[in-house]
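Got a structure here, written out as structure tokens. Questions coming.
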Amino acid sequence: MVSMEPIKPLAAWKGKDRYEGSVLDSLTVIFKSGGCSYRRCLMCGYRFEGYFGASPEEILAQMRGQLAWVEEHFDLASVQMVKIFTSGSFLDPVEVPPAFREDVCRAFAGKVVVVETRPEYVEEEGTAAMVAALDTGAYETPLHIAVGLETTDDAIREKSIRKGFTFADFIAASRRAQAAGAGVKGYLLLKPMFLTEKEAVEDMKKSIREVTPYCGMISMNACTVQRGTELEKAWKERTYRPPYLWSILEVLADISGDVPVFCDPVGGGATRGPHNCGTCDRELVQGINDFALTGDVELVRALLDEVECGCKKEWEYVMEHERPWCMPLTR
Amino acid sequence: MVSMEPIKPLAAWKGKDRYEGSVLDSLTVIFKSGGCSYRRCLMCGYRFEGYFGASPEEILAQMRGQLAWVEEHFDLASVQMVKIFTSGSFLDPVEVPPAFREDVCRAFAGKVVVVETRPEYVEEEGTAAMVAALDTGAYETPLHIAVGLETTDDAIREKSIRKGFTFADFIAASRRAQAAGAGVKGYLLLKPMFLTEKEAVEDMKKSIREVTPYCGMISMNACTVQRGTELEKAWKERTYRPPYLWSILEVLADISGDVPVFCDPVGGGATRGPHNCGTCDRELVQGINDFALTGDVELVRALLDEVECGCKKEWEYVMEHERPWCMPLTR
Amino acid sequence: MTAFFEVKSRDGMARAGTFTVGEAVSQTPTALDVEAVYSSLAAMVHANVPLTADQVFVDEYLVQPEEEEVRIVHPLRGEAGAGGCALVANWQTMLERPRDYVATLAALREAVPPDAAWYAPAAALPSNVPFLVYTGFDLFDFVGVDLMTARGLFCTPEGEIPVAEVEEGTCRCAGCEAGDLGLHNRLALLSACATARRFVGKEQLRELVEMRCRLDANQVTALRLIDQEYTMAEAAAPAARPCRLLANAGESMERAEVKRFAARVVERYVPPRDDVAVLLPCSARKPYSTSQSHQKFVRTVDGRAHEVIITSPLGVVPRELEGVYPAGHYDVPVTGYWDREECGLLAGFLTDYLKAHPYGRVIAHLEGGALEVARTAAAACGIELQETVVAGRPTAPASLAALDEALAGERKIRSTPVAGMLAWQFDEQVETKGMQVKGKPWRRAVFKGKTILFNIDPETGLYKPTFNGWEHLHGYRVEIDDFVPRGDVLAPGVTGADPRIRAGDEVLVVGPSAMATGRAAMGAAEMVGARRGVAVKVRKVKSLQHES
Amino acid sequence: MTAFFEVKSRDGMARAGTFTVGEAVSQTPTALDVEAVYSSLAAMVHANVPLTADQVFVDEYLVQPEEEEVRIVHPLRGEAGAGGCALVANWQTMLERPRDYVATLAALREAVPPDAAWYAPAAALPSNVPFLVYTGFDLFDFVGVDLMTARGLFCTPEGEIPVAEVEEGTCRCAGCEAGDLGLHNRLALLSACATARRFVGKEQLRELVEMRCRLDANQVTALRLIDQEYTMAEAAAPAARPCRLLANAGESMERAEVKRFAARVVERYVPPRDDVAVLLPCSARKPYSTSQSHQKFVRTVDGRAHEVIITSPLGVVPRELEGVYPAGHYDVPVTGYWDREECGLLAGFLTDYLKAHPYGRVIAHLEGGALEVARTAAAACGIELQETVVAGRPTAPASLAALDEALAGERKIRSTPVAGMLAWQFDEQVETKGMQVKGKPWRRAVFKGKTILFNIDPETGLYKPTFNGWEHLHGYRVEIDDFVPRGDVLAPGVTGADPRIRAGDEVLVVGPSAMATGRAAMGAAEMVGARRGVAVKVRKVKSLQHES
């Protein structure tokens, strides 16, 4: 057996997450893995992260080292939820050796665990095994499979993200996961490339409606411009602008129904992240963060209706007048 | 005695002039003389014409030669009036040897003769002699003494022309001439340097009124820009603009009383002469020339009132708004 | 709605025309509510294709609006419908990227037919619309200014400023009078369009742009880069303009017309003698020979040398060409200083000239910057320069005497400008023996015996060949189909054109049934590619139809 | 009527202020009916004295209007009343004579006190008013535009055009809406004045004029000639501006601020070491060291050489001065081409620099135009240049490696920018041992121990001495009468000023009873000559009054 020397993962941090009506202390870990087998998504900044070319054994050893580092650096007893990402799919056996799944389940048994994956790697048997390994009776659904669906619109997903799977693939994966006793979390992307601000907002509203039947949780990511991506090239060429914070509010204010929708406005207020004019950004980012913990749609509506800022008229204008043939109108 | 070989004078031409109600065939001769003894006038282009430094005998010979040329080249029998100019004063004995006066009287006896001079050279005895020599009974007043008074305003004459004599000098000379039986013709200058268009017009109107008691004839010269003068320097520096033709009409239309006022708009329509905008110049110059022969003030008033040209409003604006501290307004 | 665009006149890449929607005729360039004209545009969804997209993406995703009159064009896919509108999608993204602006423009001009109205969406502001027009756009919308309104910005030709910084009384337009920022901004755009139209009409848009670009480094950069794209710029530059060329900026030196003049003097023109040349300074008065200084030079030279004028920005103007555009039609600010760039460019022109046309002797009757230029060029050519100006005053008697002495014993040759002008204008060496220029200054012509071969345009100095004149020339033909032109020749009738033809050039129209003399209204590429518009303004037609 | 003029702010020779007539306050520069203000002007007759008149004529004939508040001034006779109006009679005759315009202006600025409103009668049009303001005029009238109205000409910022050529909709001002050409022309003038005021307020009038001059060769010529009058232009140029310097025209190179920066780098500044210099390219981002490229350069040089940036239009920017105006505050159009004039001027700057400050070794880590400049200067100085850029890419690893290798073994010296800045700003070599720059980017200061000597202005980069800081400096004093300033120091209280002081300079106010730190609101000549206005904006006052 290879060494178990602790290795720092790509990132790991503690936070709070709303889960079934209460707020849990959560740990997020991004493991460096064997690397995404697909890596064609236009906005993905992790495409080239990973131990490309390493043997499964080496990958396993490296990932175990990372897990050891996590166990050494965090007081896991105080953590109720663990969210696990790689630079690709946790359930891809090429990327993440299946033995590592067992290690993870051992380490985080009794907590709510969320693992991210592309849908083609969700299979019922393995998922059921993970559920069983995690289940201590503490939570009804100890495992959640998170899938980056991004949008329910297959055409947009293909043109704007180049994701390589369909909504139907997602639904099928969702069914497999649920059959195995796991929950499903859907990631949606607000404003991928080639959409006007309004197209993006409407696509998101529609996606939330359409994905709800297949998800226990929905997480909306507002698109950010990461280095080395196609998106960054477009952004530098001024053919892409990240979404307005107003647009996030507009989507959140529209939420109805029971499925919880989360949004962590990463990079909010920066020119590479979702941003407004710079004046009102702090206040709105704070509000969106508050919503993530409270789920209070009224709070969002109040922000949308009552915050006065010069850029709101600009956003309204952009929402009404930006067209596929004259976009983006702003930076 | 020196040679009598014919010599061409500076200029000589035939024309028509109104005189006491009828139109006479006239001859104008500009003799090259000994040169003006004064030669300080700012706008004078003849200051350096003359046999400067020549002996009186040489001057006399040269001038006799010019007279011979005139007698040879013109049919004097058909001429009823002779107007004689030099580049200074015909009656200045230094400039024109007195013997030449006798030659002239001999040559032009029986005609109306006009000779130009500064006032200080008009003395009663010599004038009476010329009258006697010219008089054949054909005309009541065979000799007219023309004096370039330019304006009756002594201050303007000094500042704008630097003429070096006063209106009182002119009046005294006029009295001497009349006492000797000669007529008096007054030359007035429309728009010397340093006057606004309106100042110039008003000065001219006032001068005509004031000089009338002392003149049998008045000739108004509109200022023209001659080469090598102070005036030309000012014109090139854009600090001088010759008078508008409209201004000439304005003055002529104002004439009342019995003394005939003449105006030959030399250089009319050229940028160096009295001019308007270029469009209406021909028509107005023609009208002014017609007036010179007919003395018909109504004709002038009709031109002033009825000719429509874009530049008339410009002239009206200039008349009203040009000030000593912002002039000229136009070119 | 059916809209119809027609180009009425050109000024380089810019055009003035009409855009007719139903009964309403708009003078272009202008701004209007384009979505109201082409309602299917508003219905396009998920259809964005950036200008920087690659061929695969364009092929897969470039979709068109339902109305065929408007086509979305792309550097990788031209397709504009005749009579309609070429929508250059997302052009506003180019405004801050001058290098891409120019490269994309060049690609578009290759790909998009010339007869559609070029529409730059969401791009136009009062501060940039002259530049957009200069680069060939005809139609704009109110999106840019309305966006500024939403932002609380007040649009001016000098830029967009917070409305709070605008003093009362700055503008008294209907919008400002009503306290309506949006109306002000729209009116300001329409007014800027009107100004641009006016300058296109006068063919002085270049001068306006050299002014209006000045507060925006991106516009300045793009203007300079366009000048470097000589092929694109020269193809659009007319043979002559009805106005003076005002060379009031550093960029004026780089105008296509300046470079073309210099190139033709080297490549087309041949001097009438090669024994001795006198290089002379220019004069403010044009043509030079009407100035007092040149009258002295001409008298002194007295036919004993070829007279060549050294001037900025044109460089080298042989005496025979002094009357032709732009040699007889430019003005410059006169400070007495020629800067190093000026001297460098002009020395380059003169070097090329002296290498192309070696003379036995070269006399420099010059001073100041022009003398520097001559010395630099002479050094570059390895020739010895004889200098004849004394104390820096070319018209001083001592200088003229030195010039006279330098020319003592040289052969007097009286040559006409005809051969030089024909070479320069038509790129052809013509045997001109017996040809003579006659007539009053405003109606001069080249005769051979009693036959007029070329009338000389008093405005531009260009030669206008008669049918007899065309017999001496072989190029500058426009080929047409089998018809006899009635009035002007329209573009669809043109089957071929000498590629050297530019708007304003004299051409001979030839077809199976007719010949006609006339003046090109558009350049060769456009008359071959366009499906509408006047190609040649015809002067005289000769029918070749046989009795049938 | 009594009118009162007050200068509120300056932008080179231009000023913004107020002209108060009774209750009515006008923001200047502006146009108004001056005869209505000074009725005695209309009563002047036969009083013309041209600007070209000689001393005898002026002495004899220059008469003044009855109202003493307005004085007719002349280059040969200044006399302007305080608080009033200096009427520069017949200025309109200068508009087409740029050489005389500039010479006469220079003479007037010597002769006429600075505190009167300068009135140019009958001169202002929308097309020239920015230029008139640029040359120091505050007041205009409507005579010029009304005359255009009489002529049927429509006034625009681009010139005057026959009203018949104006398309409907070109202008929607109150005048045009009412079909009143006269009102349009007056409003157009007022609007042009408002635009000029706005740019004076932003201290960017130079940029506006570099734009607006462009259609008038006379304005271009005069602008260039004023730049050649360096003494006049430099005296008026502020120490710093609150805005970027937009070098968008060829003329931008000739700005007084550019020449002054270059002169100070040669004459005042002394490098911190003389063994080895590295010449580096500039970056678009300012100050340079915040750019990615310069972070690489700084890491590579690692204190082993003096870093000197070669840039256009400033020429030579030692690293220590990179933050000070205008080194940290200029933008240029980037085409990648430095023209010959640019290269020539910059090579001249660098030559002067290298001659004034000889280094043991000079390494050129440069490419393109900057490398050309360095080579030219090195040749002129007879020094050998070591070149370290590989394949024209200064930030490429190979280039950085070459630079690193070239510096192998050189001594590492960590010097602060303090000595260099003090020399550049205050013309003094100060012993700076123990002085350190500390603080957050937006609140940096020079400390000695715990004492602040100089706060660093985050906007301009200028050093703002405290009283402790002034103890290290001997110049830049403003002497005042025996009083303790309450608030700002007004011009009448000033008894003397270091002639090097320019508007915006940091100064120490010294008088028998008080000292004060502050910033000059006007230049030395003006604070000594003016009888009104704020001379120094005071920051801190120290009373020296003894107990009596």
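We just call them A, B, C and D in the order they show up, numbering each chain from 1.
Just so it is clear, contacts are C-beta pairs under 8 Å (C-beta built on N, C-alpha and C of every residue); 3 or more make two chains touch, one makes a residue touch a chain.
By chain, with names taken from UniProt: A, B = TIGR01210 family radical SAM protein; C, D = Pseudouridine synthase.
Fair warning: this is a prediction, and the values are worked out from it, not measured in the lab.
Chemist: Centre to centre, by mean C-alpha position, how many angstrom separate chain A and chain B?
Modeler: 102
Chemist: Let me have the rounded angstrom distance from the C-alpha centre of chain C (Pseudouridine synthase) over to the C-alpha centre of chain D (Pseudouridine synthase), please.
Modeler: The answer is 37 Å.
Chemist: Go ahead and note the Å separation of the Cα centroids belonging to chain B and chain C (Pseudouridine synthase).
Modeler: Computed value for the inter-centroid distance: 55 Å.
Chemist: Can you tell me, using the touch rule above, whether these chains form a line, ring, star, complete graph or other shape?
Modeler: line
Chemist: State which pairs of chains touch, listing all of them.
Modeler: The list of touching pairs comes to A-C, B-D, C-D.
Chemist: Under the touch definition given earlier, write down the residues of chain C (Pseudouridine synthase) that touch chain A in their complex.
Modeler: Checking each residue of chain C (Pseudouridine synthase) against chain A gives 41-42, 44-52, 60-61, 72, 87, 89-93, 96-97, 100, 121-122, 143, 146-147, 150-152.
Chemist: Show which residues of chain C (Pseudouridine synthase) lie in contact with chain D (Pseudouridine synthase) when the two form their complex.
Modeler: 27, 98, 156-158, 161, 165-167, 169-175, 177, 187, 190-191, 194-195, 197-199, 207-208, 210-218, 220-221, 224-225, 228, 246, 248-250, 331-335, 337, 339-345
Chemist: In their complex, what parts of chain B are in touch with chain D (Pseudouridine synthase)?
Modeler: Answer in residue numbers: 155-156, 159, 194-196, 199, 234, 237-239, 310-311, 313-314, 316-318, 321, 323-330.
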